[in-house]
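You will see two complexes here that share chain A, one where it goes with chain B and one where it goes with chain C.
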Partner chain A sequence: MSSLVFYLLTVAIFFCIYCIYGWGLNLQFGLTGILDFTYITFVAIGAYFAGVAALQPGNGGIGGQYILGWHLPFPIPPIIGGIAAAVLAILVGYVGLKRLRSDYLAIVTVSVGQIVWTLIGNITPLFNGWDGLAGVPQPFNSVFQLDFNHYQWVFLVICVLFAALGFLIIERLTHSPFGRVLRAIREDEDVAAALGKNVFRYKMMAFVIGSIYAGVGGALTIAYIGAFNPSGFTTMETFIIWAAMLVGGSGNNRGMILGAFLVPVLFNEGTRFLPSPPGNPLLAESIRGMAIGLLLIFAARYRPQGILPERKTVFRLDGLPQGGEAGGDRLVPQ
Partner chain B sequence: MAIVSFPSSILKVTNLAKSFGGVKAINDVSFIVREGTVTGLIGPNGAGKSSVVNAISGFTRVDRGVVELAGHDITNQAPHRIAARGLIRSFQIARELQKLTVLENMMVAPFQQLGESPWRALISRRAVMREEREHLAAAVDWLQMFNLFPLRDEYAGNLSGGQKKLLELARALMAKPKVVLLDEPMAGVNPTLAKTLQGYISRLRDQGVTFLLIEHNLSVVEAICDHVVVLAEGAVLAEGQMNELRETEEVISAYLGG
Partner chain C sequence: MSLLLMGVGFGLITASVLALASVGLTLQFGVTNFVNFAYGEFLTIGAYLAYFFSTVANLNIWLSMLLAALLTAGFSWLVNRVVIQPFLKRRAPLLILLVVTIGLSLFLENGVQAIAGPSFQQYVTVPGAIVNIGPMIFTGQQLVIIAIAIVLMTGVHLLLKYTRIGKAMRSMSDDPDLARISGVPIQRVTDLAWVISGFLAGLAGVVLAINVTSFTPALGSQFLFIIFAAVIVGGIGRPYGAMLGALLIGLVTEVSAMYIDSAYKTVVAFAILVIVLLFRPQGIFTSRGRV
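And now, the complex of A and B:
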């Protein structure tokens, strides 16, 4: 396999994973208006728990200090990753969603991210500290026995299946009465409450479901790379997912696909091909961050609703009674 | 002797009190709203009208007193619980759900929709769709009655001020409420539309809907309110029919002037 094909397969796999990340964040922010500035922490929790669920029991020595070690077969680890992220979301949600308005919640999420990052790095027996987990088995490869290059195809199929299922679920939720209530809450929490909607409960549901997407995406990431450590969930990672959602179009799951292509793939990966001038090995890395920042600024200035904005819901009314009632005597519909 | 039967009270407010710091916004307020009537709540600015509406609808916690809706104590309950019991309110400045269409604004209103559960939205698609059709039919009916049907697919944020007020009322009625609290429904509405809105409220009252409304336009109050409660400095100053209140000394000096 040529290195270019290998590279393109890697990019395609991460494109699928970023779509999954993005749909979760889109449910939280695009639909519900929840400002989650530590989305990557839920990705990380999903990755770590899926990792320790798939790994053999740790030996307690160097590189082998971690909890669980259940050696569970795929796809159980991603399910555990999703559940772990959901549990963290419930804990954060109880603190942040009950009484706080969105801007204060944003501060809470940033704090949570810092706390989790520091705890995971410093408490080595949890997930092997700053060195992180390594040697996480590749899904189904004990059956296929493929070398890493050819295994790429198998993993791409797994990711496409997860992304397809994720898209189906998120689209159904978005265009259901549930999604409508979330958008009502985004527009005006008081009005939603005055119409009998339990705002806290719905925000919690959106927060948890979005975090499950993050957790499952994280589980796929660790299953692919085989390793994960605290350098994998920095603020920059959250920024990239946010940028993808805002550029693609918040509130639109198809826009999120476009955003996942433009930001993590085109801008983040494409800039890797920029030549590195001698003596400035970090220049391309810096340009990458700047390029994404500029893209976000241009999007905010010229297309604040994103390239593919939220679509207007138009109901089909065929078969319903229409016309002739206005101005009539009957005011209470039967 | 003729027997006069009064409709029973559906909303009962007893000794309500609320202070913000040292300011007594609501000071021992008591009144009742009878079923199938329009009750007006009037008074000068700062009299505590909006505070009373906020307290009744759960948006402000009261320090003391009891609010009963159809015999149930709803004092200090969360707004969504009060709404679910059948008390729907509007806001002083129309608060439409801007980035939802007019029809979607209507469709949010019905309680406990099947598809509002994410699980049911995923697995009971057919039942959810059936219920959606039922709600859609009711929403279309209301929009036609309020002449908003041609605007059904417009974002609610694009409506005029008066149309937003109409939408708020239609949306409230879509929830099949026992009592509708309207906070200055005529504010910012042109005279023709105000007349229309007034007509709707009267006719809905005749068909059994109960209203409590805050209003500054006294000719509107006189035309549609069966009973009027006058508030001043957070307390009930007087109550009765508007034509009687016009003759009451305290009401004249505190509110009506002249």
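And now, the complex of A and C:
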């Protein structure tokens, strides 16, 4: 197999995974208006738990030390990853979502991100500390016995299946009465509450479902790479997903697909060949971080609704729905 | 007992650093009513500017600190004018504003890293003679840090209590609409809030860098949530609350570090933040919350 095909397969796999990440974040922010500034932490928890669910028991030797080590077959690890991320989301949601302004949840998420990152790095018995997990078995490859190159195709099929399933579910949710309540909460929490909707419960559900997407995406990531450590979930990773969402179109799951292609795929791959001078080995990484930061600011400034904006339904006085595109400025009214 | 007092000594130093930082954050919040997630990077910028002045330009560390704080104040003013104001003019929603400040934080941290490199830096300073007060141990430098915090906190108090602009700030924080129709010059007060916030952030960044001895471009972002803890404990937007919050967080984290692994100091601060958010989200030193 040529190296170009190999490269394209890798890109395609990450594209699918970023779509899954994006839909989860989109449900949280785009649809509900929840500020999750540490989305990648839920990805990481999903990845770690899926990893230790798939690995053999740790022996503390070369493989390092970690909890569980259940050696479960695929697709059970992604389910465990999703559950783990959901549990963390429930805990964070209880602290951050209850009767507080949106800044508070943002503060809580930023703090949780820092704490989880430090704890996972420092407490080695959990997930092998700063070295992280390695040697996570590839799904089904004990059956297929393929080499890494040919296995790419198998994994791409797995990812496409997960992404397709994820898309179907998220689209159903978005256009269901549940999704309508979430949009109402985003536009005006008090109005939704006045209409008898339990705002906390709905926000919590959106937060948890979004985090399950993060956890499952993380599980796929660790299954593909086979390894994961704290350098894989820095703040920047969160904002690559955020930028993808804002550029593609927050509130629109199809826009999210476009965003996942434009930002993580084109942008990350395109900047891969920036120089890394010996005096400053992280220069390329820094420039990418600056660019993502600028992208967030400019997207928010000039096109907060994204390239493919959410189609908002406007109701006429006679009660019949009428398609229409609303301005992105009205994510949340003043 | 002497272990406890030793912890109190360290706590006073941390509280001083924290007080400068959290009063700066909370003042800006009080006037503008949104959290600046790039605030941690203001500290980082202050620390690196002082590094430039003291190590490259060979100036005295305290003079470097002052210059760094002034420049950070100017930078903070610029951030408000160039980055934030366009959004406010377009009446951008709060959510978008917060996304902008976090985007800015990513930009600034990586900007510092691109210029100064990711490796650890250290000021060339003399810690000064060791001073023992009971079981508490301070270096001369640390005593200066405590003194700076006391002077600045007194300054903020006098400003808020006795000057017209300080009263205007408090009025905007209590009720922005009422302040506006009462003729408070919103633009000028907002500018000043950002300038003071930046100045305090710059100072805090330098004393934090002195206190932790070696630092990277992540200095401010890693400290940010401890600032959040102090600010929220005191009631967000309330400068006096932030001072008390800083004292409480500083003392509790350092005293706890005497008894448990000091690597978990931040966990203690986080636990306090969570407990306060769960049971008294308006802050523990406020009678009635606005949140």
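Descriptive notes on the structure:
In the analysis below, the second predicted complex is superposed on the first by the 283 of 334 C-alpha atoms of A that agree within 3 Å, B and C clash if a C-alpha of one lies under 4 Å from a C-alpha of the other, contacts with A are read in each partner's own complex, and residues count from 1 in each chain.
Methods note: contacts are C-beta pairs under 8 Å (C-beta built on N, C-alpha and C of every residue); 3 or more make two chains touch, one makes a residue touch a chain.
Treat the numbers as computed from the prediction; the structure is a model and nothing was measured.
Within the superposed three-chain model, A:M290 lies in touch with chain C and out of touch with chain B [touch as defined at top]. Contacts of A:R172 after superposition on the shared chain: chain B is touched, whereas chain C is not.
In the superposition on chain A, A:E187 contacts chain B only, with no contact to chain C. In the overlay built on the shared chain, the residue A:L195 is in contact with chain B alone; chain C does not reach it. Within chain A, the residues touched by chain B in the first complex and by chain C in the second are 329-333.
For chain C in complex with chain A, the residues that touch the partner chain are 34-35, 37, 83, 86-87, 90-96, 98-100, 102-111, 113-114, 117-118, 221-222, 224-225, 228-229, 232, 236, 263, 266-267, 270, 273-274, 277-278, 281, 291. On chain A, the positions that touch chain B within their shared complex are 169, 172-173, 176-181, 183-184, 186-188, 190-199, 205, 209, 310, 312-315, 317, 319-333. Within the complex formed with chain C, the chain A residues making contact are 29, 33, 35, 37, 94-96, 99-104, 106-108, 110-111, 114-115, 118-119, 122, 235-236, 239, 242, 246, 279-283, 285-290, 292-297, 300-301, 304, 329-334. Chain B makes touch with chain A in their complex at residues 57, 59, 78-80, 83-84, 88-89, 91, 95-101, 103-104, 107-109, 111-118, 121-122, 125, 128, 132-133, 136-138, 140-142, 144-147, 149, 152-153, 155, 171, 173, 175, 200, 203-204, 207-209.
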